[in-house]
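One structure follows; several queries about it will come next.
Letters are used for the chains, namely A, B, C and D, taken in the order the chains are written, and counting of residues starts over at 1 for each.
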Amino acid sequence: MSKVKVGIIGATGYVGVELIRLLNAHPQVELSAIGSNSFVDKSITEVYPSVGIGNDMKCMKNEDVIKNSDLIFTALPHGVSEEFVLQAVKEGKKVVDLGADFRLKDEATFKEWYNVSFIDKKLHEEAVYGLCEHYKDEIKNAKVIANPGCYVTSISLPLMPLLKEKLIKKEGIVADSKSGVTGAGRGLTLLSHYPEINENMVPYKIGNHRHTPEIEQNLTDAAGEPVEIIFTPILAPMNRGILSTIYCDKAEGVTIEKIQNELDEFYKDKPFVDVLPLGQVATVKHVRLSNKCAISVHENKSKIIICSTIDNMVKGSAGQAIQNMNLMLGFDECEGLSTMATAF
Amino acid sequence: MSKVKVGIIGATGYVGVELIRLLNAHPQVELSAIGSNSFVDKSITEVYPSVGIGNDMKCMKNEDVIKNSDLIFTALPHGVSEEFVLQAVKEGKKVVDLGADFRLKDEATFKEWYNVSFIDKKLHEEAVYGLCEHYKDEIKNAKVIANPGCYVTSISLPLMPLLKEKLIKKEGIVADSKSGVTGAGRGLTLLSHYPEINENMVPYKIGNHRHTPEIEQNLTDAAGEPVEIIFTPILAPMNRGILSTIYCDKAEGVTIEKIQNELDEFYKDKPFVDVLPLGQVATVKHVRLSNKCAISVHENKSKIIICSTIDNMVKGSAGQAIQNMNLMLGFDECEGLSTMATAF
Amino acid sequence: MSKVKVGIIGATGYVGVELIRLLNAHPQVELSAIGSNSFVDKSITEVYPSVGIGNDMKCMKNEDVIKNSDLIFTALPHGVSEEFVLQAVKEGKKVVDLGADFRLKDEATFKEWYNVSFIDKKLHEEAVYGLCEHYKDEIKNAKVIANPGCYVTSISLPLMPLLKEKLIKKEGIVADSKSGVTGAGRGLTLLSHYPEINENMVPYKIGNHRHTPEIEQNLTDAAGEPVEIIFTPILAPMNRGILSTIYCDKAEGVTIEKIQNELDEFYKDKPFVDVLPLGQVATVKHVRLSNKCAISVHENKSKIIICSTIDNMVKGSAGQAIQNMNLMLGFDECEGLSTMATAF
Amino acid sequence: MSKVKVGIIGATGYVGVELIRLLNAHPQVELSAIGSNSFVDKSITEVYPSVGIGNDMKCMKNEDVIKNSDLIFTALPHGVSEEFVLQAVKEGKKVVDLGADFRLKDEATFKEWYNVSFIDKKLHEEAVYGLCEHYKDEIKNAKVIANPGCYVTSISLPLMPLLKEKLIKKEGIVADSKSGVTGAGRGLTLLSHYPEINENMVPYKIGNHRHTPEIEQNLTDAAGEPVEIIFTPILAPMNRGILSTIYCDKAEGVTIEKIQNELDEFYKDKPFVDVLPLGQVATVKHVRLSNKCAISVHENKSKIIICSTIDNMVKGSAGQAIQNMNLMLGFDECEGLSTMATAF
């Protein structure tokens, strides 16, 4: 059976290179083209000497990736993807967009947070939000996938089933999310400079991080009524991983056991979400280098506390994108993706 | 002027060795005796080759420290200090206890959380809780100081003035606290084993950490009515530092500016608490290796978010103990203590 | 085609759990039994909550692994493996021993360094030293493989072809090797305690590390005459990886280009050794989480400097063991092993 | 007694801010002026929010620092200091230059390595090389000090007494030096980007690092005849610290004990160099945040191995600069400098 040809637009950022690593191990696709306008005609070896070992594929112009691929991943800053996605769709290709351009359904909200308008409203209507465990059927038939944000994934997965079943109150939800530094990308900034973030911990964009409306869109969709969240992102001295500790209130008459049962039930057949038994705690180690989300549920006085961890570069980015691709192409959902974390 | 002789009981744990480092730089005291029942007759060099360079003081039995010192620091596990403190007080010596034995005023609560009873109730009544910025006058006249817990200090300092002035609601306060690994001490555990906690983040004792009743005692004292807290401690991959992100609700009619002003006002003459201007964020770097607490105030929808950072081994432990000693002995509060963090 | 049943004796140490991770992804074998005398009847989930997710295999007694497996990995401290290996061979099973028991061919040397004698001399004669790139043919027909030490692998791979071709002098070779902390295993020690090794770097066992005679055995075998090495191991604050910087002298009339060419030539068809082009530098990043060894050659005055990096837990341990298994079982040498490092 | 007014030119780099931290704790000087052409009229708080707490000194133009200070530290890239130093000397001020402009005595060598010529040859002749333990008398009378490089200090201190006494051979000396990332400064580079250097180790500038001629100048001066060195710098994932492992050969008839004795003897009255007893190993922990150099001596076959550690920002830079200042101003050599490392 011939392999499906997949290409990456924006291949030389951290998300792009993680896609290369994972696609390289995928048995049913062939990485046919990598695009990078900054490194045209350079081999990936020249950009990432370590990754590139034994892989001398050359970067082409982002535009050229489309015609060389059947399915395209776009890993670009917001506001830049839409044009490429439009072109790809015109040529009958499928797309998984790892940027933010198609994540928010409401144009006004998108404009408010990203200061960019939609170009093609119909395309936005057709694009499917790729949180695989919740929108699987739509994803299977999608042409364009908006791959979810990393923080968003860690927070939405545990909360959506609970809001849908009204087991927790929709008011006063707080998510305190600690992220590894790869989440800030390859671009040089003082915040990601080693001596600045090593032995440090830095909250940032408190109250105005762009993942907020995306989380709220998911929670609102699950609850069937508007839900808001208090979300605080924090940069932590590690390469990979997100730990979100989430605080919420039980609905009237609900016990922690009922909450645990609902999550157990909802995720029992979903290979990439592990709901830990009561008494265990989800840590970043549970998910490193895997496409898993680990969830643990706790109680303290009136509050339910949920620990939710993902590898921000896998389930929070390139891994979930491949999970989406697997669904779009009719492959086994787990193809090429690890369900086992590294112990260290 | 002759220097005051100070001794350390339990000198070879992490708290003890941090006391040695700080006392070594203090111009008005002389480290006269270090006790360690595990290392009697060994020099500190043999236990901490690095610290001990140039300091060949020998460990004596903990019992013997008392008679060799005018003021004694006890750095022992809970349930072990009280006997030494009793003995020291009998001999007319002053004590700063860095353990938990004298922190909780209510014996039933102490017994509930530590499973130990008070030995001498009168001594517990006389002991003063050493949160310097809040109990300065009592500390000056104290014989026995209960030095506050590390998490407790980071959470109590920003909240106490606000609760006292009723600027925030006393219900639903959440503190999500990230701590460096020295907080777990020198004892070998899998959790502190390098490959386990490096590149990891681990919530622990959710809902049952022993600092909870101590935080609540402080908040209740400030508010004048019972206050509870939801407190989640998390181990983070760094040596030193605590970042507490605290979530609370404004009282009716209160603005963030009013909250900021209250903290500015309350701490304006307190050399070890820095309330950052609105718009800045307190990070662990603000306080590393200093005796400072840095506080920043933020707003997100209905919630006030407070970031509060300390160095767990300085303001969270040995530094605050010396600040207490300074007050007890009539020294300048800042003597021997740094108000400037290291930049890296 | 039915899968080959493989078992692990000593499955709950760091090497064992890395074997589990890698074997789990191997398409042609089935992990049939895991042994751990410390955790009999416990599932791997109970020992490594993170790794075990979705894998509830129970530990059996080490003895019982043999009969449940066609090929057995032994991951035990030195002096403990031989008995198990003997038993396995008696039952007609193949073995890859990841400990030190079969690495040294000379019993006197073994006894000198490990203070243990050989039990079955014939078994030692039959055992094949599993440095795959150098002893491939013998490995294919072996019943028992002595899997090389981690430091040994990083130092032997670049030096052996050069000594064989007499391109470098056999006198005065120095290897300064920096290793991640997983190399010290899961056992709790002060040296691996997070606050002790984080922000630190610790040379240890200078002049008496047990990998020394093993390196010298390899170098001597390549040179055809006795070769000694000055080897200094250093613990570094990272989880995985070894960087050996090796200093040696060119033989009369030899240029760096000749050295580079020899390494290029020798390793050109070996999928797990990458000789970088002159001008590039091998770093730990080149090999993380892969089964690769990256080698770069440099010149400074009269000396040749070689940088050689491996992931100590993969090419330095579990990965090379699987590479050996692949050869023994007639599989593709690369089956189940990654040739691409993670970028972060 | 009035304090001496000291200023810093180039105060906002990492070296500058470390000077601020240390001078802030010095009892006999007053930080009178800080210069930074990039941040004129900004307070140090705006550049280093953490360090600046409680210190609202404003940056002035570098030119203006001279007239506001009695002694000036210049912390500038090579080729930029000399003009400022000339001006300062003209105005009768003393200078400690932390850059490279005055370190090399031979202009041809300087030009070869730095591609810059001397401006004022006489000034270069008068400038004193500030390796305090070796040139103390000259330093006391100097107007201009060339503060030694960090790697240079760690390598020269153990080797100079041995070469002077001809206890080791001058041929074939190798230094393999591992440095924390602050050594690369505050400037943003991919090499210092957190996800690139965390969990990594990177040799760089093998054979062409600019500290090489400076080390050789020191060793040659000590030996009384030309000495060359093979020097390999390696970036390691920690903030501070240098560990140099040095390999050399004993001179005919010399024992390790003789070498140990010589170092013991030479450094016995020097407060900032600790020669550890035979059998102990110098680690980065021995010196963190102190102005110490820790040295240990080992033997392996024919080689002597020396481990030498410093904190690159203290003894390797700002601390040694202050030690030089202390000598120049007639203060106690230890004033304001710590001889005790932090344990973590």
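Heads up, the rule we're going with is that contacts are C-beta pairs under 8 Å (C-beta built on N, C-alpha and C of every residue); 3 or more make two chains touch, one makes a residue touch a chain.
Protein identities per chain, from UniProt: A, B, C, D = N-acetyl-gamma-glutamyl-phosphate reductase.
Just so you know, these numbers come straight off a predicted model, no measurement behind them.
Where touching is counted per the definition, the chains common to subunit A and subunit B are C, D.
Of all the chains, the one whose CA centre sits at the greatest distance from that of subunit B is C.
Comparing chain pairs C-D and B-D, the larger number of C-beta contacts belongs to C-D. Averaging Cα coordinates per chain places subunit B and subunit C 46 Å apart.
Subunit B and subunit D, compared by their mean Cα positions, are separated by 36 Å. The centroid of the Cα atoms in subunit C and the matching centroid in subunit D are 39 Å apart. Counting partner chains per residue, subunit A shows two or more touched chains at residues 14, 180, 182, 195, 198-199, 237-240, 283, 285, 288, 344. By the touch criterion given at the top, residues 14, 17-18, 21, 24-25, 48-51, 53-55, 182, 199, 239-240, 271, 274, 276, 280, 283, 285-289, 292, 294, 313, 338-344 of subunit A touch subunit C in their complex. Every residue of subunit C that touches subunit B in the complex is listed here, in rising order: 14, 180-182, 186, 188-190, 192-195, 197-199, 237-239. Contact residues on subunit C toward subunit D in their complex (touch as defined above): 172, 174, 176, 178, 180, 195-196, 198-204, 206-207, 228, 230-232, 234, 236-241, 243, 245, 247, 281-285, 288, 298-301, 303, 305, 307, 309, 344.
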